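Right, one structure below, let's go through it.
Chain lettering (A, B and C) follows the sequence in which the chains are written, and residue indices restart at 1 in each chain.
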């Protein structure tokens, strides 16, 4: 197995109830790179990314077929530990969702649920995470304020920090800038480019330009199927599939 | 090899997992126990009252007046009395409550006035039932001179039922789509015409549900009628709205605290409790079914 | 013509709308009017803190301390039942119950809420009290303990439905975020959902308390009836509500006893008024905290 491949999806079908949302997806996500998933609304990109940390388990009637593995280990094996998986694969959601707690407690949450009690360790880790998420300077003097008093862009960076605090290996971004203004969006894109040195990043976006700016590889999905996958530069300049070309030139979606 | 055994070093206490799993199992177990506790209690109440009450219930019990110092005959006057009081209470509370709800939803300026009214409704809803009884006694029985009567009792119960009817009506009226009202007004109807012909008919199922639930609540109340309407024994049925009346809830209380034949009276009390329970729960069930029907309809 | 009619209707409705306010004011006025004489005669401090309630003695004594203590003990005892059971049931319904279970259990709670207080009192008197008397070997089953138990069950549906409502208002996104960080359902429930619903849950508890304090028939039949400060939880007691209900029949209209009973009513009213105000403030804070705005 290629040591550079962090996550591998083989012939993934996904159903909820009778609806088939994903058909025969084959993808490889390389370590320490940013992979973007693009495609029109409803093409299944959010559904797919939620398979990677098993958040789709929350949907009644959800069923996965095929093999989804990380470092060679089957994520859906009966012995798989979902809780552990979610620590290793973090997620940043479309709409920022900090807890109605203080900024400090938001970051500390992930540590505390894992039984970490050492106050000094937690403080240290909180500061580190806030720095890594490029928000430390803005909040260092008000760590005890309610997180909901932050602006949308700040809240999203807080959520990123919260995710970083538990040392994931992979970070999933599900349209992270969809509800943010252009300036906040830019800050987060810069952050993603920095983070990729230490983490494997997968980002879902409906904004093609964003995908072009930020990612190393891109996958184009349409109606639940994978149409094309390749290095971003190639896909955007010389797409191999006609449908990819039509989507990129705005003929639909 | 599956993900649980990757062998990767995880700086965050990997074996805390068993502890948190145990926590969850215990926690959920406690929650389950709470629900079981509720089920157990409900089950016992229904079981005992049904079992011992049924032993006493007969056609005679339901239709005849009591004889021989409450030990023979039936409790029909109490049933009838409860019905009179309840109907009277709702006859008073419904028009008043509906009018109030209409004002709050349709006419009221969104301002301090509306807030004050809302606050008073909420506070009225929280007043203890015995305080209503005191008020009813001092005001309706004495000041108004109605005496201990169906009228006093019904008015007292009506005030108690008022907040509930206002809330239910408000909800029902607010649920009427804005588009209906706009369509009516666009055709040149006045506000009152719109309310009368469009809003109220649309909101009727919700209002009715609130009324029926109010009936259920009021039928079982004892404290407000203790000194305003109820008495242990009447000779036959009430003559007018100014007469005293027997009522099921009060009858149960009186059977257990007055009178001279405790064993027989306890049996009769079981019977009354069963009737009251069936009445109240039956009414509530009817209201719930009505609400579900109207939800499916819309 | 039409215009005049419209205006008449509008004013009519305005008057009706003030009905609740009028009745509330009426209650306050009546309570004040009838209780002031006893405060004038005995003095408010003596009334509240004298522990001897002997209204029928010559000369009568009107100290309601034992009654207040009884109400407090029974209410607190009832809270020990209705808060854990009510909250636990609400959490169960919110997080664990399947849709089928919920369809059965919610009506169960509603039925418990609908049972008239006289039936609870009757049940407590003829079934629970003798049972506890045998089980615990106490002199009488009609005591503060039994009253607390039965009252607690009575208040449980109130706590449960309001708490459940509060829990359902917590946005799903919090739960998702917590699970995505690797928390299990219990941790999410206790560390995120419940704190987020905090004000709503406090409202539920306060309303449960309000219900317990104002309850009359249940305690009248189960609490025992002795107007003395109890020495143990298993002594019979006489809370404020039961006192009014039991003695109103014998108090001569206009007598000091009569006025004293109204004074107790006034105090009860004030207590529930305070609870109501607390609830109002708490539910307003709840909405702001969750970012739901006013």
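In this text, contacts are C-beta pairs under 8 Å (C-beta built on N, C-alpha and C of every residue); 3 or more make two chains touch, one makes a residue touch a chain.
The model shown is predicted, which means the values in this text are computed figures rather than measured ones.
Among the remaining chains, the Cα-based centre furthest from that of subunit C is the centre of A. Between the interfaces B-C and A-B, more contacting C-beta pairs are found at B-C. Subunit A and subunit C have centres, each the mean of its CA atoms, that are 49 Å apart. Put simply, the C-alpha centre of subunit B and that of subunit C have 16 angstrom between them. The distance from the centre of subunit A to the centre of subunit B, with each centre set as the mean of the Cα atoms, comes to 51 Å. Shown for subunit B are the residues in touch with two or more other chains, namely 20. Shared interface positions of subunit C, defined as residues touching 2 or more other chains, are 184, 187. Among the residues of subunit A, those touching two or more other chains are numbered 83-85, 87, 113-114, 166.
Subunit A meets subunit C in the complex at residues 53, 55, 58, 83-87, 90-91, 93, 95, 97-101, 109-110, 112-114, 146, 148, 159, 162-163, 166. Residues 1-4, 6, 8, 10-14, 16-17, 19-20 of subunit B touch subunit A in their complex. Here subunit A touches subunit B in the complex through residues 70-75, 77, 79-81, 83-85, 87-88, 111, 113-116, 166-167, going by the rule given at the top. Taken together, the subunit B residues at the contact with subunit C in this complex read 20-21, 23-24, 27-28, 30-35, 37-39, 41-42, 44-45, 48-49, 96, 99-100, 102-104, 107-108, 116-117, 119-124, 126-135, 137-139, 142, 159, 162-163, 166, 190-192, 216-217, 219-223, 226-227, 249, 252-253, 256-257, 266, 269-270, 273, 276-277, 280-281, 284, 288. Subunit C contributes residues 2, 5-6, 9-10, 12-14, 16-21, 23-24, 26-27, 30-31, 33-34, 84-89, 91-93, 95-96, 105, 107-112, 114-123, 125-127, 153, 156, 160, 184-187, 189-190, 207, 210, 213-217, 220-221, 241, 244-245, 248-249, 253, 261-262, 265, 268-269, 272-273, 275-276, 280 to its touches with subunit B in the complex.
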